[in-house]
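Following this line, the structures themselves.
You will see two complexes here that share subunit A, one where it goes with subunit B and one where it goes with subunit C.
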Partner chain A sequence: MLASAIPTLIFYLLAAISLTLAWSVVTGRRILRAAVSLMGVLGASAGLYLLLDSPFLAGVQVLVYVGGIVVLLVFAVMLTRTTELLEDHPTRLRQIVGSAVATGFFLLSYFMMTSDVFASRTLSALPKNDVAAIGRALLDTGEHGYALPFEVVSLLLLAAMIGGIVIARKPTALAKSEVPHG
Partner chain B sequence: MSWQVKSIAERTGDLLPGSPWTAVLYVLLTILAVTAFVTVAGLVLIYAERKIAAHFQCRVGPMRVGWHGVLQSIADAIKLLMKEDIVPRDADALLHILAPVLSFAGMLLVMIALPMSPTVQVSDMNIGVLYVTAVSGLGVLGILLGGWSSNNKWSLLGAMRAGAQIISYEVSATLALLVVVLFAGTLQLSGIVQSQETGWWIWRAHGCGIVAFAIFLIAGTAEINRTPFDLAEGESELTAGFHTEYSGLRFSFFFLSEFLNMFVLAAMASTLFFGGWMPLHIGHFAGFNGIMDLLPPGLWFTLKTTAMIFLIMWFRWTFPRLRVDQLMRLEWKILLPIGFVNLFVSAACVVTGFYFFAQ
Partner chain C sequence: MAEFLAGCTPTLTHWLILTSALFSIGLYGMLTRRNAVGVLMSLELCLNAAAVNFVLFNRYLAPTAQGGAERLDGAVMTIFVIAVAAAEVVVGMAIFVAMYAERRTVDVTRLDALKD
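Moving on, here comes the complex of A and B:
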């Protein structure tokens, strides 16, 4: 009785934290505070993964989102000069498009959750989720393997990285290398 | 000799069904012990730093408070607690308070995963190495937010430098960690220690271990912002960098987490490359191993970590501070390629079983 009540309690606690912080991300005026709240939301999702018995996923969540994406976000905010969101009144077009996208996403997630797309919702059907099993599945070329998506994602990341370098490269350095000496 | 490895969390879990209140007491005692350890270790490290620095410069260091100045750190801590706590005008007060806490939390969360002996480890996670890399990211966030929320250009510059530096060097440090994970075949920290029962990875891995250790030490020193990588707070350039505007208790949080990060780095280096609490063993040479086992594992851990801390402090009085462009060149053009090649070579060694005492 008590043993099953504690995870439920923790779930509702994490859910409440997530919702409160997510609300403050969207409504906050100070952009850096919004970034910190976002970090809290992502951390709470890591907690939910832990509750689902997937410590590896939780670790990756913290590593990639809290340690990577939020840090980059804060870094980008620090490079820009505006400390607060200046746009008080978004245009009518933005309001319409924004609410349409939000409603669409809400409906999509609602139907996804209510339909039976997730076949393994019962506990017995859960796949093994230890690190070794995940690693094997990522490199498996067989029927249930993920070798092809894994490679495609690596290719995408490589392309993004090269694109980033090309954009960030100073045009003067490019011009100098093309112009012969003298 | 087989080791009875059991973390404090596991022992608490064993107590939970029978006597939940004993388990609660156990948890409270653990929190108390970790707090005490962090405080005492911080004071000792600060005293050691001052003494070692003094002797490298042919001075004697603190001598007045207590025998050879051993109580100097305590006096300093009391002074620091009495100081006025200042939040700059126009600063984001909430983030100003949150930043040192985040920095401290990042350090503390790594601390609880360190295996100090077979029985002294707060939590022995399955994903140990991943966990350590993940939560140490909180420290960067604390520095970035501290620099930003101070509303001071020196702080902001220091924070930007720290951010760029830590993000860059994290890559190399992770590549070096992966080498040991490959050889040990596990992410669990106690498992990595136990995999070194026939010898430490630094010499068992045919050079890969030495290269990985060098990369890990350089990248780790950069990640904890110590000289020669202390651009984030280079006092001759930025007054004090990201913590210029901090005083009193909040400053001491930054200060303490900086010193204990050094302990964490030393402990991780000795766990991964020097066997952690595992005594010096040579293969299945039972006589020699038996003699080495006479020293308790906790003492081995302490000795190795102390030696590593001394090495890191030695760096500080040996190398001059790097310039920003030199810093970036060292990471992206030197350490990173070496790290990748080293990882490939280690993978080849692991696949072919080409290392000492492979099963």
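Moving on, here comes the complex of A and C:
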């Protein structure tokens, strides 16, 4: 009894935390505070991965999302600080359009998800060794392997790294080096 | 208390409602935020909700293969989603920094140079 009560309690706790913090991410007027709230949402998602018996993914989530992506976003906030520190409230029209689209999407998916297809499903058996199985799947060149997407993702990360440096460096450096040739 | 909680064990539907609520909040943020970095944060919310969904479907819907070898496609997909999100944030941040150096603003409602 208690063994099944505790995960349920944790699920609803994490759900409440992530929904509250997500709301403050999209409506908070201080953008830096929104970044901190985003960190909380992603941390709560790491807890959800733990509840789904995927400790490796929870670790990846904390390492990459919380430790990497949020830090980059904080840098982006600090490097693009505008004169008005507080963001204005969105205009009435944008609020109406935004909430209409979001509510419409939620209702549409709600009615699809409460259908009978999903209601009867229960948890499938646990993979025996999570991390080793993921590693084998990533490097498998067979029918169900992910070796090619794995290599494509590594190329994508390289391209993103070089692209980030090229886009963000000072434009004067490029102009100066081209002047003698032109 | 314990009996009540054990009776409301979250099913797949509860999980899906949570993730779609998170996705909808992100959608609302994408449409209402004026700061471009805020738009990117809302996008991260959506990506994160979708990534949780992959694991969720893997745990509840994946066919268990013969011989006891379970498929982990959802977990692998989540890793790819996280990697793509990281690449996207790097390029997005570079674009915002370049944009700020050029126009002194990252307000998406004022970036309308293509209209002129």
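To be clear about the criterion, the second predicted complex is superposed on the first by the 120 of 182 C-alpha atoms of A that agree within 3 Å, B and C clash if a C-alpha of one lies under 4 Å from a C-alpha of the other, contacts with A are read in each partner's own complex, and residues count from 1 in each chain.
Everything below uses one rule, namely that contacts are C-beta pairs under 8 Å (C-beta built on N, C-alpha and C of every residue); 3 or more make two chains touch, one makes a residue touch a chain.
The structure displayed is predicted, hence computed values, not measured ones.
Using the contact criterion defined above for the overlaid structures, shared-chain residue A:Q95 touches subunit C, although it does not reach subunit B. Looking at the superposed arrangement, the partner reaching more residues of subunit A, out of subunit B and subunit C, is C.
In the superposition on chain A, A:Y146 contacts subunit C only, with no contact to subunit B.
Of the two partner chains placed around the shared chain by superposition, subunit C is the only one that A:S109 touches, whereas subunit B remains out of contact. In the overlay built on the shared chain, the residue A:R33 is in contact with subunit B alone; subunit C does not reach it.
In the superposed model, A:G67 makes contact with subunit B only, not with subunit C.
When the shared chain is aligned, subunit C comes close enough to touch A:Y49, but subunit B does not. When the two complexes are overlaid on their common chain A, residue A:G59 makes contact with subunit B while staying clear of subunit C.
Shared interface residues of subunit A (contacting subunit B in one complex, subunit C in the other): 56, 60, 68, 72, 75, 77, 79, 130. Across the complex, subunit B meets subunit A through its residues 92, 94-95, 98, 125-127, 130-131, 133-138, 140-141, 144-145, 147-149, 156, 159-160, 163-164, 167, 170, 187.
On subunit C, the positions that touch subunit A within their shared complex are 1-3, 5-6, 8-14, 16-18, 20-38, 40-42, 44-45, 48, 51-52, 55-56, 59-62, 64, 68, 70-73, 75-76, 78-80, 82-101, 104-107.
Subunit A makes touch with subunit B in their complex at residues 30, 32-33, 36, 39, 55-56, 59-60, 62-63, 66-68, 70-72, 74-75, 77-79, 130-131. Across the complex, subunit C is touched by residues 1-2, 4-5, 7-9, 11-12, 15, 18-19, 22-23, 25-27, 31, 34-35, 38, 41-42, 45, 48-49, 52-54, 56-57, 60-61, 64-65, 68-69, 72-73, 75-77, 79-80, 82, 87-88, 90, 94-95, 97-99, 101-103, 105-106, 109-110, 113-114, 118-119, 121-128, 130, 133-134, 137-138, 144, 146, 149, 153, 156-157, 159-161, 163-168, 170-171 of subunit A.
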